[in-house]
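One chain, subunit A, links the two complexes that follow: it is found with subunit B in the first and with subunit C in the second.
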Partner chain A sequence: MRNFRAKVKRDRYVGLIALPGFLYLLIFNCVPMAGIIVAFQNFSFRKSIFQNKWVGLKWFTKFFHSIYFTRVVRNTLVLNALVLFSGMLFSILLALFLNEFKNQRLKKFCQSATYFPHFVSVVVLVGIMTRMFDTTTGVVNTAIAALGGSKVDFFNSNVWIRPLYVASSVWSGAGWGSIIYMGAITAVDPTLYEAAMIDGCDRFKQMLHITLPSVKPVIITVLIMNIGKMMNLGATKVLLMYNAATYETMDVISTFVYRTGITQGEYGYATAIGLFNSVVNILLLVTANYISKKTTEVGVF
Partner chain B sequence: MKKSISLLLVLTMLLGFASVAARGEAIEGVPDLRGKTVRLLSMETYASSGSFSDIMPLFKRYEEMTGVTIEWDSFSTDYVTVMQTRLAAGINLPDVVSLGGSLDLSLASKLIEDEMFVNINDYLDDLPNISRFFNESRPDIRRSLTYYDGGIYLLPCSTYNNREDEFRKLQNGGDNIIWYRKDIADKLGIGCPTTIDEMHALLLAYKDYDPDMIPMLVRDWTTWCSPYVFAGSYGLHFEQMDSSSDYFYPDENDRIVFEPITDAALEFVTEMNKWYSEGLFGFNADRQALAASGKAGAVWYQKDANRISTNKLLAENGFPEGHFAPVPWLYGPEAKRGIGMRAPFGGVVGITDTENAKTALEFLDFVFFSDFGIACQLAGVYGDNWYYDENGMPMLNDETLQAWYVDKTGNWRTVGGGVHIRMPQIKDYNIEYGLIQQLIDCGINEPFTEESLNAYLDWQDAAFETLPFMFYTQDEMEEYNSLYMDIKTYVQESLTRFIMGEEPLANWAAYKENVQKMGIEKVVAIVQSAYDRYLSN
Partner chain C sequence: MSSHKAIRDTRSDRVLQAVSYILVIVFTLICLYPLVYVLSMSFSSDSAVMSNSVWLLPKGLSVNSYKTALGDANLINAVKNSVVYTLLATAISVFLTVTFGYALSRKNTWFNAFLQRFAMVCMIFSGGMIPTFIWITKLGLYDSMWAFILSGTLSIWNAILVRVFVRNNIPESLYEAAYIDGANELQQFVLIVLPLSTTIIAIISLYAVVQYWNSYLEALLYLANRKKWPLQVYLRNLLEDVTGTWDVSSQGDEMMQYLANQNRIKYVSIVLSTLPVVVFYPFLQKFFVKGVMIGGIKE
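Let's turn to the complex of A and B:
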């Protein structure tokens, strides 16, 4: 006990810095977890969660028995995987590319320019895409037609809608995502590059053999953390982009919940699906971490 | 000097009192709500976070007249989520809660079942205007809003006071019709289409005339502005895909039919598939702009589109002879035609079960359901914007007419009326068209052109009633939701895929079988029992 107190006293300022984050997690992440019990209840607007009627696994059964269960889970995983891997790839490439800039002003300008799309609202982003890929007046289809090709109905096509979703996500997120890799690259010991230059490495080889291995732990950590969010996919962008013609490839868990649960006040159902997502996320996280530790000896826990 | 100033002040005050008294004389049944507060939770896009009492002179006047303090709680985005969160919080509940712009039957049922709202029947003796509305003006709405236990827990928004009025269908038809480029059709020697086949021929002619032109411009696949708008010509009633009730329709024997699996649906889908494969549809949300730029042959757009001068814009864009004219509603292969009327009311409000419920109901009874309140909603602030003529009809005064003349968008808000909040706003055709006639008589003919009015008249003939809003019992609701949500998704998706050619029409039988396997018969039986109950209410 005395030892603990001594440690607290020693690290009090570090603890003070961590306190807001700790409180945030406690208030917004830990305390609301008590609401998980709603997944096993018939939620009532009038009653407290301690007074609601217990319904057991009713909501889970309802979700699993839906004919669209497999489809929405598959679409969620596929869309997330595509966004995750392509997003990370482009973020890393962008960070490596920006790191090679010698002109600092140009580098900062490029950084700012690539961060900017992150701040564009998803509604605006989809609005821009709708205009760009429109079959009637969109610049893309106009160009296709001018080159002698046939116009493509991008937003009503199950073939094209996913690439559109992923590409726009990469466009809006790659710059922002590269920040963490830029930070990791900055921390690489400059003497390593000097030694490599003496050994005759050109810039590409330095990138390949020094920069990339140095940021590998960060890449793996980010990858594992993102795999832990594989079942989460915000409904907003999909709701804005999909329609009945593209349900096959774009209907995801969150839009399914929105249509069949939230808008109807069925919070028990929505919570059950949320809980299911979280359990799968934890399983994915643990699995990814295990595989990573076995193969690269890097893990988040 | 001091005496003169004092005298002047006293005179001014007396004149002020006299003016208020004069206004008060004309108004009957003003409830005394002094010292009381009414909290309203509402969706509003006009002023997302403001107080209407500050920005709308009308509500300021209501506060002065009744002595009540109105507390506004309005949101413009993600309203339904915010509203549900407010109710789930369980404290500081608003007194009057709008359930949003469109009415979700499941949500409304759940909130009633959870005893969030008071039974308005218990208060009707003290609510003369609401009683009159339910019992004399709109018994059909009373039937719709009667819960299966016999209670009435909701009040309707955005509806009309006089159901049988001749203008009802004109106004209550949906907002859109087909407009076509008459100048090009004339050049091609083609008259105004009256049937689906003639429309098809016209669209093909547009395509031949200019390959870059969009023959038929609609918006997308899931709203009221999709190729489904032509379903009415096949005797179908589901042109508005967003409304689940549109897939069900009672036949002449009041038996509920699930229309998307009928032979008529196959015929419709087959024809639309042909149009789609011929490249006759263009999808774009900016229909007005595209039409005005001369890029559309035909467009599904507001039936009073001439009011916003599409043709004027067309001329400015290099088509001086350009002329969009309305197409009368098209007859299908079996000489059928029709388009669903707007639902009898748009959205509902509930009165939360608090000690303030009676005050809230008395407030709503006067502000929205009394003759005076209805006139104010349409014409603005009494005394400032309008007055009663010798026949007791509301008339706009000169300043208001001048404001209309300046603001030709027809925005009643500029004169203090037409608030369009999601509250039980009731309108009255006689008053509304009296006011419109007054505008036309004054030379302010912007609201309608002759062509628009003719389109309205044509609609009157083609418009049909949609399936009424009906409540289900708890057991029915549960089974309906568990079966129908998947069926609806499957049907929406399948019909669209058939039209787009992604699903071969040869698979129609399999599609029909799947819908049956998914339990549509049970769902139809549930809708039937709710409909029977509605008819017997």
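Let's turn to the complex of A and C:
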């Protein structure tokens, strides 16, 4: 006991330094975690959280039996899969091709230009898109009309809205995503290339047999972590892009939570859906991390 | 034989290089085009914008849109809000992240193992949108700027970046030397750790600036009063009006003028809301890339 007190005294300043962050997390992260009990209640803002009526698994059953269940789960998985894998593909290709650049200035310029969209806000991104793809005034439809095609109402079309969502994600993320692969490429031992050159490998074979294998561990880690994120899709961009006409293909779990909870005020129901989503997310993440640690000895935690 | 081979190789190398240049440059142009388009639209005359004749460079060069935008009290108010929120939130975020990250980095404290686990739990679990919304409302922060500022202020990811940076860049011997010189841990933190951590502080600050400047959902959730809206929410509402179906013919002249003005400042508002990012971009790029490298995987 005396020993412990001595330690407390010894570390009092580090403890003091840790305190603000600790309190913040306690108040703004941990208390809401306890708030998931709302998922088992008939929640109302008029009563205290302890006075609400308990309803057991009512909201979960309601969700699993609702027509929205398959739709939002399917859309979440499909949108995520498309975004994560096309993003990876473009990032890897970009890194590989950038590596072939001899002109360093041009390379720097291309890097700067392709990283930039990462910093453009989602509101601006979607704003620019709605302007460019507008049916009457958009530059895309103007071009389609000029080429003799018929105009497309992109933002109200269940066929076009997903490709737009994915393409805009590639636009904003591919350059940024390439950084991590570029890092792995620059770490390759240059003598490997020299040896390959002496063995008669051209640049393409070098890319295939040296550059790509040296990036492979990074690719695997990113891939596994992406699988861990398959059910985790933030609401912001979808909220900005979808409308009632495109719920069929665009409504995802988080936006469904937003609509039921915030718009319609069904707090218990929305919390239950969110909780279901978090549980699946955690399972996926832990599994992905476990596999990652087993196969590549790299884990996030 | 060998010279023949060399020639063939050079040709295939050239092909690969040409393909690389072309593909990357095309993608680069695709990345830049929407930004150039918006910029050109913002500098074009009303008639050029109306007739859809602008596609790359501005037509009928005009700064009228900018004049209208600068006269729009709501836009100016939104910009002001965003600046205030971003500065406050960044200051708080940097303070919390650097102190907490430093505490995580000190391995030998009695509470370190607990703190690491606590941080991990906070990273993986969260209450989710609705419980957080309920709690913020119960705290009486609904429709207060503090709800916006205090959401996501301490990211565990960033605290871990600080931890990694401090551990890699500040040798234990430095702490020992300071201890021998009579500096307690608070003094060590302020006089040694902070001055040697300017890089990571810059990275964390820039992360926070970009995060808060671009943040939308939290403001949408918590700020009901239009006067409190940050730029992104204002911008969204401004941009959305056009996709809605206005029955313009039935509106009075004043309404027509209002709509024309709203229409005019759309592109300007997009430009203005992206401007800070452009201005800071050289720093952003440098430090963000460093952050990615420190974090290993950090998206």
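The working rule: the second predicted complex is superposed on the first by the 209 of 301 C-alpha atoms of A that agree within 3 Å, B and C clash if a C-alpha of one lies under 4 Å from a C-alpha of the other, contacts with A are read in each partner's own complex, and residues count from 1 in each chain.
The rule is short, and it goes like this: a residue touches a chain if its C-beta (ideal position, glycine included) is under 8 Å from a C-beta of that chain, and two chains touch if they have at least 3 such contacts.
Everything numeric here is computed off the predicted structure, so don't read it as measured data.
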Open item on the list: Looking at A:54 after the superposition, I want to know if it touches subunit B, subunit C, both of them or none. Which is it: first, second, both, neither?
Closed with: neither
Open item on the list: Looking at A:262 after the superposition, I want to know if it touches subunit B, subunit C, both of them or none. Which is it: first, second, both, neither?
Closed with: both
- [ ] Using the touch definition from the top, say if A:113 reaches subunit B (first), subunit C (second), both or neither.
- [x] second
Task: Superposition-derived comparison: subunit B or subunit C, residues of subunit A touched - done: C
- [ ] Using the superposition on chain A described above, determine whether A:282 touches subunit B (first), subunit C (second), both, or neither.
- [x] second
TODO: Go through the superposed model and pick first if A:130 touches only subunit B, second if only subunit C, both, or neither.
DONE: both
- [ ] Examine A:45 and indicate which partner it touches, taking first as subunit B and second as subunit C; both and neither are also allowed.
- [x] both
Open item on the list: Quick one: is A:28 in contact with subunit B, with subunit C, with both, or with neither? Answer first, second, both or neither.
Closed with: second
Open item on the list: Is A:274 touching anything from subunit B or subunit C once the two structures are fitted on A? First, second, both or neither.
Closed with: second
- [ ] Indicate the residue numbers of subunit A shared between its subunit B interface and its subunit C interface, in ascending order.
- [x] 45, 130, 134, 137, 155, 262, 267
Task: Contact footprint of subunit C on subunit A as seen in their complex - done: 4, 7-8, 11, 13-18, 20-22, 24-25, 28-36, 38, 43, 45, 49, 90, 93-94, 97-98, 100-102, 106, 109-110, 112-117, 119-124, 127-132, 134, 137, 139, 142-143, 155, 171, 174-177, 179-180, 183, 200, 202-204, 207, 221-222, 225, 234-236, 239-240, 254, 257-258, 261-262, 267, 270-271, 274-275, 277-278, 282, 285, 298, 300-301
- [ ] Under the touch definition given earlier, write down the residues of subunit C that touch subunit A in their complex.
- [x] 5, 9, 12-13, 16-17, 19-21, 23-25, 27-28, 30-32, 34-35, 37-38, 41, 52, 54-55, 95-97, 99-100, 102-104, 106, 109-111, 115, 118-120, 122-135, 137-138, 150-151, 153-154, 159, 184-186, 189, 210, 213-214, 216-217, 220-221, 232-233, 235-236, 239, 242-243, 266-267, 270, 273-274, 277, 281, 284-285, 288-289, 292-293, 296-297, 299
Task: subunit A residues touching subunit B - in the complex, by the definition given at the top - done: 44-48, 62, 66-68, 130, 134-137, 153, 155-156, 158, 243-245, 247-248, 251, 259-260, 262-267
Task: Residues of subunit B defined as touching subunit A within the complex - done: 80-81, 84, 87-88, 90, 104, 106-107, 110-111, 114-116, 214, 217, 220-222, 241, 282-285, 290, 295, 481-482, 485-486, 489-490, 492-493, 495-497, 500, 502, 518
